[in-house]
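Heads up, the next two complexes both have chain A, just with different partners, chain B and then chain C.
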Partner chain A sequence: MSKFIRYTECPVKINEDFYLAKRASIGAQASATNPIEFGGKVGISTGIGPERSEFFMQYFVTGENDPIANLTGKNSCSGSFGGIEFSGAYLTNYHIGIKPYAPVEMSARFVVLSGFNNNIQESSFSENDYTVANGANVELTNMNYLNIGMDNPVEITYEVACERIPSFVIGSSYPRHVNLGAVEKYLDINGDDIGDVINYQERDIAEISIKASDELGRSRGQTLFCSGAIENQRLDISAGGTLNGQVSIKEVIR
Partner chain B sequence: MKADPITGFWGIERGYLASPASHEQFKKDVLTGTTINSFEYEDPFNFIPSYGATTSLNFNNNFIQFGDGYSSLSSQGLNNVNMQMNLPFYEREASEIEQIIEHVEKHIGSPFPFQTVKYDDLEPNEKYKALYSVPPYFQQEFQCEGIERNYSRGEYQNVDLVFGNKNISLFSKDYIFAIPSMPTNFYDKIKAEIKKDTFEHIPDQSLNETSLFRVKKFGSTKSRPFAGKERINDKTLTYDLLFDPIDLEKMTLILAFMMSKAGTWFYFSPDGKESSRKKFICNEISQSYTYNNVFSVRCRIAETISF
Partner chain C sequence: MAQGNINGFDQDFYLDGYAISGVQSLDGGYSVQSDQSTFLGNKGRVMPFQTSPSIGQFSVSKDMTSQPSGITKWLGEEGFSGLFKYGEKSLAFQSGFMTEYRASFSPDDLPQEQFALSVFGEMGGDFSVGELKSKNETKFIPSSSGIEIECKGRETNRVTSFQYGVRVIRDAHYGIGSKFPKQVNLTLPYEISLNLTIEVDDYESENVYTTIRDGIDLTGINIKISDKCDSSKNIEYKIEDASIVSESIAGNYNDQVTASLQYKAFSMNVPEINYNV
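Let's look at the complex of A and B:
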């Protein structure tokens, strides 16, 4: 029997914290093949590798800190949304998008390695009075011409990518443990030209910090830091448009 | 230590190989006992390998060629099976890798038991699994022949071990995959499989067939050799049979059949039709652990022409 459940809000729970999500999705992809015998007889579909499950959410931070930002290490998390519960989830991608006068939007992507418990049901966000970070209230440090070759950033995206390497042993469907591989931070800044410093490629920069707040100046999410080196620079110009610059910074953590 | 006055056997303690009342009782205990008593290996290698592990079985036989293409096989010895396991241990903590290497280096040149599940950790009806090294092999004694270590990242590392066993003999080869204490249904299927003289499993569609031509050759030191068509038996076939993916039961039946025929011929036709079947011998088997209950097996078989 199918159900049509309308969501006014999109509440998601990660560990013990509720999030005001804009969108959340969960999916699983099987690694399966159909053996075909000599003569053409097709056998039944057989799983030849672990199921790859992924949970993705776009959300707004409504508290002083964002606990998801602390999941870039070795710890796993559990969660639920729309009645689907999952555990053994590891953060693979943490992303923040900052635009002028728009709410600061977060997104997180998890790989789920220990299955689900399904019981589709309706739920709602219990917080009545909440505020989110706004692009107009973001405090930037070292985001200037001398450091990155740009004085007026317009759009900022910050991303942490965490490689997860599951370790399987013979006879087991689920990994015995999950190793943390490479962790890298990416900071992309779009702004009003990058002037005469387009040759800044591979230049190490002073640490940049980004602190987002709501309209009342209350902190929303941790202060973000990124140092590393300028990996990419680009200058765009188009008929009827303005000169735009883009700077990409990459920091390798491990 | 004295030999048992009745049986003549030396130093056999009570247990699975219980001191028997007679030679007939001894055979019954060893070959037909349906329960195994508690036992514990001394210092077994108990690390479970990662998926991707492979096992190869090679059969050492003398191939005797007669006239007109006829041939016969003769075993090179009682222990004519070479068993080799290539065991990856991937993404393990450095401390586990150190323990693995320490264990095998402690036993350089001497065999040690390989047991991935302990007797005490199994349910009563699964105690037989304590006799596996890794399924489906009831073969516990191995020597480590080499180590390859990769320092991928400081914290986690990979190591590949090569385990060898040359103890399988013409007498024990039928007990590598079937022991009486395993589930009766599966045991009976394996015993029935090894009694067959036809290999009935249909391989994967990616079948590799090679035809070798036998020609008459005549030459002298003063001229190039002359080759001509043989009168009879001028072509023999070689097949590379792949079974992928298959489950544990099918894999065990394939391996048990080929192992039982180590040194003797069997009938086979790729499409399973009796009209097109020919006599083959198996030289080499390679088996790998894909994921969970999924395996693959590759068998190289060659046609033999005999009466």
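Let's look at the complex of A and C:
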């Protein structure tokens, strides 16, 4: 018998920690091809490569540290989505969005290389005392006119992209090991004009730090750091609006 | 112990430190934009989160009994402080911006002014906005016989009432890590409107398809309002490039035929209101 499961009965968990998630998705994609058989018959074959599964969630951090921010290295993690369990998950993208007066929102994307166990099962947890970071309570260091050409950032996105390289052996559906490839940080900042620095491609910047807090000044998530070089700059405006500057900074970790 | 009601004698409204005369009614307050926190799998407590800045609003209605330039000067870029004093308490704001001004006139009534303010920044009862003063204002009480209007149809048809209005959009820009706006922009153009009601002698409506055949007809409108006792004291409203946006004619078996006309104009400059008082 099928039934509809409410959002309050579909928790998400990473490494035994429940997260205050607004949205989550999980999926698996098989490699497929259309072999043409003798006589012109066209079939479909899905067994030609390993399955690629992905788990995504959008969430808020309620503690001083966000454990997911520590998964940008070689370690894998386990988790569950509404009762479906997985292990051998590797963080591929960690993203933070900050806007004035809006709650600071995180998202994480994982590649799952070990398949799934169990079925959907209703469950829940109970979190009663929590606060989240707000864009009005974010402390910025070195995010000023001298360093990046703007004093008043109005939107910041911070992203860490981690390349994962699985190594498969013949006869096994799962990789024997997973190597960590390139790790890159991206910091995109929108704000007032950047007129004086728009000519400076590849300009190195002083390290920027971003510390998000709740309304009582308590840290919510780790302080974020980014140095590197200005990779991209843009100015745009439309009728009825104000001139908006955009600066993209890239830092290569490995 | 309750102190009793606070009647009109114990209420005052100040803008930029000066008392405003003729205030009939006002309404001020603010709203907090929040979202409830609902999360996947969580059956715990639902907490609200603030999701955008709180914005205050004030709307004020007053009789035009003194020269009103003190009000309409706030249609420009500048912000101002304000305070509504009631008894020993007050509701004050640090940074208000005028978003709408209206003046309406009809025979046998004192002309009315209404204006609306948006408040960005602190607002409440426990802070000071500086010294409060009263201005020595020149009395100005217009009479209906002292109203002159130059516009289409006015030559042979009698204007029985009109309402002049200006609207302007204010955009507050908040930076990350800041509780107060970094800048409040006036987003041009100003929208100027004029609603007229006229008693018809020979007024004739335009055809609906005239505008698409001949283009939108732009006209200039001048309105002069003179003081009841001294006609040399007057206020002049000038609207350039106004176009008619609605026109309706009403008949009644025991009353006169009337026409209601609505004009609109848009301007990149502060609307022209001349005070010769």
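By our rule, the second predicted complex is superposed on the first by the 244 of 254 C-alpha atoms of A that agree within 3 Å, B and C clash if a C-alpha of one lies under 4 Å from a C-alpha of the other, contacts with A are read in each partner's own complex, and residues count from 1 in each chain.
Quick note on the criterion: a residue touches a chain if its C-beta (ideal position, glycine included) is under 8 Å from a C-beta of that chain, and two chains touch if they have at least 3 such contacts.
Since this is a predicted model, take the numbers as computed values, not measurements.
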Partners on chain A (chain B, chain C) - clash or fit: fit
Give one of first, second, both or neither to describe whether A:Ala108 is in contact with chain B, with chain C, with both, or with none. neither
Applying the document's definition of touch, where does A:Ile98 land relative to chain B and chain C: first, second, both, or neither? second
Between chain B and chain C, whom does A:Ile36 touch in the aligned arrangement: first, second, both, or neither? first
Of the partners chain B and chain C, which touch A:Val169 in the superposed model: first, second, both, neither? first
Answer with first, second, both or neither: which of chain B and chain C does A:Lys22 touch in the superposed model? second
Just to be sure I read the superposition right, which of the two partners does A:Asn134 touch: chain B = first, chain C = second, or both, or neither? second
Rounding to a multiple of 10°, what is the angle at chain A's Cα centre between the Cα centres of chain B and chain C in the superposition? 150
Counting residues of chain A touched by each of chain B and chain C, the higher count belongs to C
Once you lay one complex on the other using chain A, what is the shortest C-alpha distance from chain B to chain C, in Å? 37
Sort out for me which residues of chain C touch chain A in the complex. 37-45, 47, 49-53, 171, 173-179, 182-183, 185, 187
Within the complex, chain B is touched by chain A residues 31, 33, 35-41, 46-50, 165-173, 179, 181
Of chain B, residues touching chain A in the complex: 48-51, 53, 90-92, 116, 134-135, 153, 155-156, 202-205, 207, 244-247, 270-272, 289-292, 294
Chain A residues touching chain C in their complex are 7-12, 18, 20-24, 59-60, 82, 98-103, 123-132, 134-140, 151-156, 191, 215, 240, 242
